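Common to both upcoming complexes is chain A, partnered first by chain B, then by chain C.
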Partner chain A sequence: MSRQSMRSNDPKKVSGELFTLTYGSLVAQLLKDYENVDDVNRQLERMGYNIGMRLIEDFLARANPGRCYDLRDTADKIQQAFKLYLGVSPSIGSWSPGGDEFSVVLETNPLAEFVELPDHCLSLRYSNILAGVIPPISHLRILAHLPRERWKSLLTGLRKDIECSSIVYSHLEVEKGMFNE
Partner chain B sequence: MSSGKQRPSILDKSLSRGKSEVSLTAYALLFSEMVQYSHNRVTSVNELHNKLSELGQSVGVRMVELLFVRDRNYKRETKLLNILLFVKGTLWKSLFGKEADKLDRATDDERIYYLIEKEPLVNRFISVPRDKSSINCAAFIAGIIEAVLNSTGFPAKVTALWHKGTTFMIKFDDAVLTRDKQLEGR
Partner chain C sequence: MAVCVSVIGKENSPLYIWVGNGKEELHLHYLAHTALDVIQEKVSAVNKTPGDTRELYLGLLYASEEYKVFGYTTNTRIKFVIITDAANTTLRDNEIRMMFRRLHNMYTNVVCNPFYVPGEQITSREFDKGVGALVAGN
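Up next, the complex of A and B:
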């Protein structure tokens, strides 16, 4: 008898595995198409950006997130969006003393569930598409990615997965009034 | 990073039970990016189909391993009809949460089968330009099916057609039919 794993039949959801594997096949294709890993990282980020541009409308319509008054609000919304779209709750942390930088930490990363990177791809930021999605949603700019080692643990999908985002002050003004109804 | 530090490999983790879900929006947008990316790198509809099918194949191969290990206790199918039912049932359910709508057999060619899906998940948000109405992005799913059949030992060619929604035309190699006849009655 087969052990059929049945999922809930919510028409607004799709199988996490289909999603993971589809993303994997995209990354594999990019690696074939581009000669170096940095270009792949860039391309993934670009795709993420395109997705973010369209996702924000859906997010505003569906979650009705209200206005963001400060960066902590924004971080909350990002957390909320992760929950809504990827079904995971990242933790927000590592606030800088000035309160203008924070990290989004994914304990489980639905993009990287079956992923094990070969040695020659260690500089690949496998989940870089997420780094691209966040800026158009939040008007934040991602200034720096965490050091490679921490990324690596993301890539193997074993321990803490880190996406990080940082922000410049000047963008804060733009960002106000972003999430208004 | 020093290689001395031993990280546990992915094989040491237990296999997920496949219950995780993500939002359809996220998937649709990801797929749309894939289609656009592929579209920018091809010059004809045929090439686009091939490109999408290739992307699907890398999903298909992995689904075979996953499903046979997790749901089928390592037992693979040996009969033609059973593998088709596996695609229509088990595979479809775990990918799309439902069985495929219909499985049909061509009347004039015993190598050809049709798997019919009225509204494939990937096509739900894609509108096809009028001058290129033959584009069917379900070629991606055709790729998944093709890889599943190939890697379970039933080499076939699968194409996605617009017919009763989307029809996947599955054309098996002659050898598959010959073997299936030999197996008959065992």
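Up next, the complex of A and C:
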């Protein structure tokens, strides 16, 4: 009973599992259509880019975050946005010594709840859509992706035992366009 | 201690069979297959009383000198069969029910994987690990 009353307050909310399953079937269908893993990665990133362009308006309207004065503010806002839209709190870390690169680590990825990548597409960046969302909203650039475990690709950062570069953002591009009031 | 765990699809095709170490694999495969007949009997018997909500757990299907066979069916005609040693009397009905429930949960997780087509063989590593944990837990 209480669940129904919660849902009636905000009819636009859907269950998280439905979202996960929808994204899953989207990726599976893309794979079937393109058959080439790199193409799929690119498409996912492009979709993420489109979503990001629209999401930034919504984020500014809802959260009214204010201007970002430096990269750390930007990182904070990104964290806030993840919390708002996906309900997960990523951790921001691995700041480079110059303060112009950082990584975003998602401990639990709601998009990849039940997913196991089959052997023929191990290089699929399953959550590439998340990676696509960041550039349009912050004018930052993604330099690398790291698989957190062998078969899940997340927008994640460094772990000492995995030797790859982290996701890094270039400081210069931040100055070109910041969150505006 | 469960000796064999198997998942059988709607058209009675095997989706997953796990057999414990050092056991006679072929014999156990055969037992799981014959258990299907018993399952079909039980399921059609219940269907004769419409309106009766069908119980998913089918209980002890068949007991021989060496093995006991338990069955469980889902509403989508997927069957789970667990075969245990007959000598092992410590496994109570409740525990078997728990095992089936966990199996069912693991199966639904596999089905939710967007890369798994229902009706295919189950090759998921998570499922393998889960089954290992399930039998080791006893």
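To be clear about the criterion, the second predicted complex is superposed on the first by the 138 of 181 C-alpha atoms of A that agree within 3 Å, B and C clash if a C-alpha of one lies under 4 Å from a C-alpha of the other, contacts with A are read in each partner's own complex, and residues count from 1 in each chain.
The rule is simple: contacts are C-beta pairs under 8 Å (C-beta built on N, C-alpha and C of every residue); 3 or more make two chains touch, one makes a residue touch a chain.
Because the structure is predicted, anything quoted here is derived from the model rather than measured.
Asks: Now for A:118: first (chain B), second (chain C), both, or neither, which partner does it touch?
Replies: second
Asks: Let me test your reading of the model: by the given contact rule, A:102 touches which partner, first (chain B), second (chain C), both or neither?
Replies: In the superposition, A:102 touches no partner, neither chain B nor chain C.
Asks: Return first, second, both or neither, reflecting whether A:54 touches chain B, chain C, both chains, or no partner chain.
Replies: After superposing on A, A:54 lies in contact with chain B but is clear of chain C.
Asks: Quick check for you: in the superposed arrangement, does A:82 touch first (chain B), second (chain C), both or neither?
Replies: In the superposition, A:82 contacts neither chain B nor chain C.
Asks: Output check: A:28 vs chain B and chain C. Expected answer is one of first, second, both, neither. What do you get?
Replies: It touches chain B and chain C both.
Asks: Chain B or chain C: which reaches more residues on chain A?
Replies: B
Asks: Go through chain A and flag every residue that touches chain B in one model and chain C in the other.
Replies: 17, 21, 23-25, 28, 113-116
Asks: Using the touch definition from the top, list the residues of chain A that touch chain B in their complex.
Replies: Interface residues on chain A, with respect to chain B: 2-19, 21-26, 28-29, 33, 43, 47, 50-51, 54-55, 58, 84-87, 110, 113-116, 122, 129, 148-149, 152, 156-158.
Asks: With touch defined as at the start, can you tell me which chain A residues reach chain C in the complex?
Replies: These residues of chain A touch chain C: 17, 20-21, 23-25, 27-28, 31, 113-118.
Asks: Where on chain C does chain A make contact in their complex?
Replies: On the chain C side, the touching residues are 109-110, 112-116, 124-126.
Asks: Mind pulling up the chain B residues that touch chain A in the complex?
Replies: Going by the criterion above, the answer is residues 1, 7-10, 13, 16-27, 29-31, 33-34, 36-37, 41, 54-59, 62-63, 66, 70-73, 90, 93-98, 121.
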